[in-house]
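Structures incoming, each one as structure tokens.
There are two complexes below, and they share chain A, which is joined by chain B in the first and by chain C in the second.
Right, the complex of A and B next:
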């Protein structure tokens, strides 16, 4: 009963309800540089925003269209390369404001996606994945052959400040670039969201779930996939254009399989089932990449382990984890989960940190230069050849593990309790 | 002519090595419908395990034990990883194996570091088998050829002539019926996955000394193996063999003979723009066949997927 009224409310006030998150997002984007003023923070935020757009574009395929691509970096890369070439066309570039440059990137990404999509979207699933892999490898390999466009191994670079000043802004400073990227982030995220609400976007979901049935309804699964693919290529190209503006250089690295794999990782980590999933994924992954890589050489190892664990245990990703709690909160029983969560997750966190410490110590023990026996971990400096740190780390790991295992049944019970409506209300 | 022979042998070695990887992969695919992205990673593990064992017990023990270890690991991955992910569908399975490939590479770097290992050809095989017009053919290459052919024949025999092979073939097409007849299909799946990865392990053991044992070795071969089984037709053992040899010879020959695009373009009647470095087509004019050798398989795969989606020998659509 309460459920129905709630959904009716949502429908009635859908305009205001769906506008709210966007207004909040815009405010956050405007305010963020006021809070994090350091240059490094702005650099991270720029990277984050570009990754968000790219991940959202990627999720148009993976999450909304059910197409797994192993070569999506190509569309972003080609958009970016095109933008750098435009930057180097002195006369033309001086006649356009920098703000519109990403559109050209988008158009080039879309153009390539139209060509590739014309034959790759015939089938979803494995065929699509294989063709995307092949095309991705092909274009990445071409980057060292077609030097005129891709610039060979050193890539190509440009200078964004030669553009026509926009309202007197020449984009000399990082912060100005940040606002440009934030502007495009908001616009493209909104457009991608709106795309997912159009009939084509809806049909993409239908084709993902059951292409045969969609065909019986009179829709060509192939064309529906093609439209999603082209749209995704466009937004990937916009991300590429922003990358070109932010870094002013593009290399083979922007096209290769590693970049394509990374975006899959980002998107899946965030959760493919919800529109905001890739946003969370991009934020989490960029933080992991920039912050964790300062702390440890092994960050890619942790990222890989996290990824595999996500696929195995939480296929919904971060967004799925968050949305799992919606029913409990709607029942008004979300607060009952807090204590059991603390009881289980804190020991679990200790266990994971302990294990990470062990891994770091083994790594240091094996790979540090001879004689270098001091290492710093969690702000503590100790000798990695002593016995005591090892005992502490093993002890913490085991203690955390067994405590978490002991409290897990209670958490499960609390979870079941929080998700069943109380008898009184029914 | 002599050079042709040398290249034929080189291409054969590359092709048969590819075949050992693609045979397992195609078997796993036809059985479980999942393309194992981590297949080349098991090949890498084979090389590293064999290196570690060869330090203590020598090359031959490595050749014997490392594939078994890799196979057990593969079976474990199937039992505790893939089977779990299987319930979510094919795309998460693909993503899982992709993540596994990343993870294995990181683990290898964690344990053995980033440098190439000093994993060498055993001394018994360090001699020249014979030479063709001054080009010496090392005995190890002949050894590689024999091992791969022996494995192919063994595999073919097991699959077509033994009871277990019959059950596997039946389980490929009608898993439910086979299960109803009292066979343990999940166990068969696990076994096939284990054997497939063990084959990749063998390939790693014998390729490690020649191609180098380093953390990127899986990445170098990984996507080519996919290309191979797609060209050959997913699920077809013969297709995998033909496609492997095709790719082996294609890349070897285009690397050995320096065919220039310039000659071709002049031959069909275009004239060379002058000066060449100012022309928009300069990259097209300066392409040579060794340059494009590594991307030829990808072009071939895309053409195959467009015009003949079930591959050269495949019976069903991918």
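Right, the complex of A and C next:
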């Protein structure tokens, strides 16, 4: 009896614990635009929030349900296109507040997912991946065929300000749109989290782990996959509706395989194993895409390198990297890792930055206009045709590499030590 | 009274090879029935035919009088038949508690619900905890099932199999690869959890079979050569010749 009350208390405790992240997230969302007030920052945050919703929706398939989709952009895209069409229905659009528009995007995304899911979710694995790729390409190709809906190559555009004002707000300014998107981000993320705690959400994990066993427990693996797929289509459509509100234009780009590939990359980068993984991935990727692309033309190259490194060395993604440290911190030995980390990661960072400098210099040397020999890198301006900068870059790269390699065994040892309970040591 | 499980002229061929060559068998409600036989006799195939993992080539399987032909495993499970596997078949990445909870979902009527919160359901939590108590894994509750010891995983497998409240339980070699003490633990467990249920098991360990079963069927080359109480089967000269003599000698 005491056992039961104890475990009940523990569960009640975890309930308040599990509410905390949401309150913090809401506060952060409210406060962010007060800290980053520039218009460009708000633009980036809007894009980030939309990507977060899409990545979370995508992870309902990849992480929760074990379905690898290569064509998920179409559900977001179709939701977005539908919303732009609604924007252009003058009378109807004027009679609804803009805040509810994403629901229509969600319903259209869900409708398409219901149709496609009815045949694509019969099998997981390669069959599912191939069907998703085929359907994705098919619908992307439709954009130039069904011009009435997709608007051909130039896409379709609308004007969000024609909606019925919500409490007098007409969404003329970016900041107003930000709060609308943030509102939907919070709602969608919470709903997707709650979905993962429902019977069908739990069985999605079970089917991912072992579809055959799930069948012998009374669940059809196919229908479990189908419901996840439909739910994922709904939230992807919500993201599409928010995209339509934010950019007021949708084109073929929102449907094609590049967009589908990007969301896979974002989700994997963040980590598919944890609910918050895709959130980290979307934040990191949007920063790469926006901030890094201002600094260098080669940003996609670095993003690709990061993705390959993630797949090869950190298959758990950013979330996995963070959660890896939980056992050490639980043992109260997390602080023992700080110094070894500094000793290895600082030289490693120098090595990576040195290598990036070399890549940039090669790029400048080969591609700058004839006579333009001056380049700026890390706030230093120099002549890319001189020998000295090359020597410095190569020297830093090698020095960083060998220092990191020399200190790595110590880090590994510290890692082992931090993850072993003290009583194990004699 | 209709039999819990009734096999009627059941046959299965893979290509030209006939693995199950006409099996007739009737298992009463509440009976503990063991199927024994030499390696390659088709015991696991017979299990897979009954549970809908493969379609049969000919004949019929009836569960409480209902024909199972063409039914998918999940439909058969909903009709009250549950099975374990020879190779441990659990959800390795999910916690032990969640493994059991998942196996309760359908039988408690949650179906494909996306409006219930599993964490808030008292009957799910308490039901799963009761099963964990029964299979002695309460102290492993929150570990990922994949890290349990072999015997613990087998116990969990049995827990998952019985959790749904099915009245026909089929266990495929529940003690395979276990030490003596582990086997005793599992046999006690099986006896405890199959109280008032129909049990069909495939087993190699003769100690387990003769200790647990009410009736035994001997399957040799896809045919049942004898069915009866442990004493009659032990005394049957055909069985002695085909199989049991050697097995009993090896046992002692």
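In this section, the second predicted complex is superposed on the first by the 412 of 426 C-alpha atoms of A that agree within 3 Å, B and C clash if a C-alpha of one lies under 4 Å from a C-alpha of the other, contacts with A are read in each partner's own complex, and residues count from 1 in each chain.
Quick note on the criterion: contacts are C-beta pairs under 8 Å (C-beta built on N, C-alpha and C of every residue); 3 or more make two chains touch, one makes a residue touch a chain.
Please read these numbers as outputs of a predicted model, since none were measured by experiment.
Of the two partner chains placed around the shared chain by superposition, neither chain B nor chain C is touched by A:177. In the superposition on chain A, contact is made by A:146 with chain B only, not with chain C. After overlaying the two complexes on the shared chain, residue contacts for A:308 are found with chain B alone; chain C is out of touch. More residues of chain A lie in touch with B than with the remaining chain of the pair chain B and chain C.
In the superposition on chain A, A:61 makes contact with neither chain B nor chain C.
In the superposition on chain A, A:206 contacts chain C only, with no contact to chain B.
Note: no residue of chain A belongs to the chain B contact set and to the chain C contact set alike, using the contact criterion stated above.
Within the complex, the chain B residues that touch chain A are 35, 81, 84-85, 88, 90-92, 94-96, 98-100, 102-103, 105-107, 109-111, 113, 219, 223, 226-227, 230, 234, 280, 282-283, 287, 291-292, 294-295, 298-299, 301-302, 305-306, 309, 317-318. Taken together, the chain A residues at the contact with chain C in this complex read 4, 7, 11, 194-195, 197-203, 205-206, 209-210, 212-221, 223-224, 227, 231. Of all residues in chain C, those touching chain A in their complex are 51, 72-74, 77-78, 82-83, 85, 89-94, 98, 101-103, 105-107, 110-119, 125-126, 129, 160, 164. Chain A makes touch with chain B in their complex at residues 62, 66, 68, 70, 119, 122-123, 125-127, 129-131, 133-135, 137-138, 141-142, 145-148, 257, 261, 264-265, 268, 298, 300-301, 303-305, 307-308, 311-312, 315, 359, 363, 366-367.
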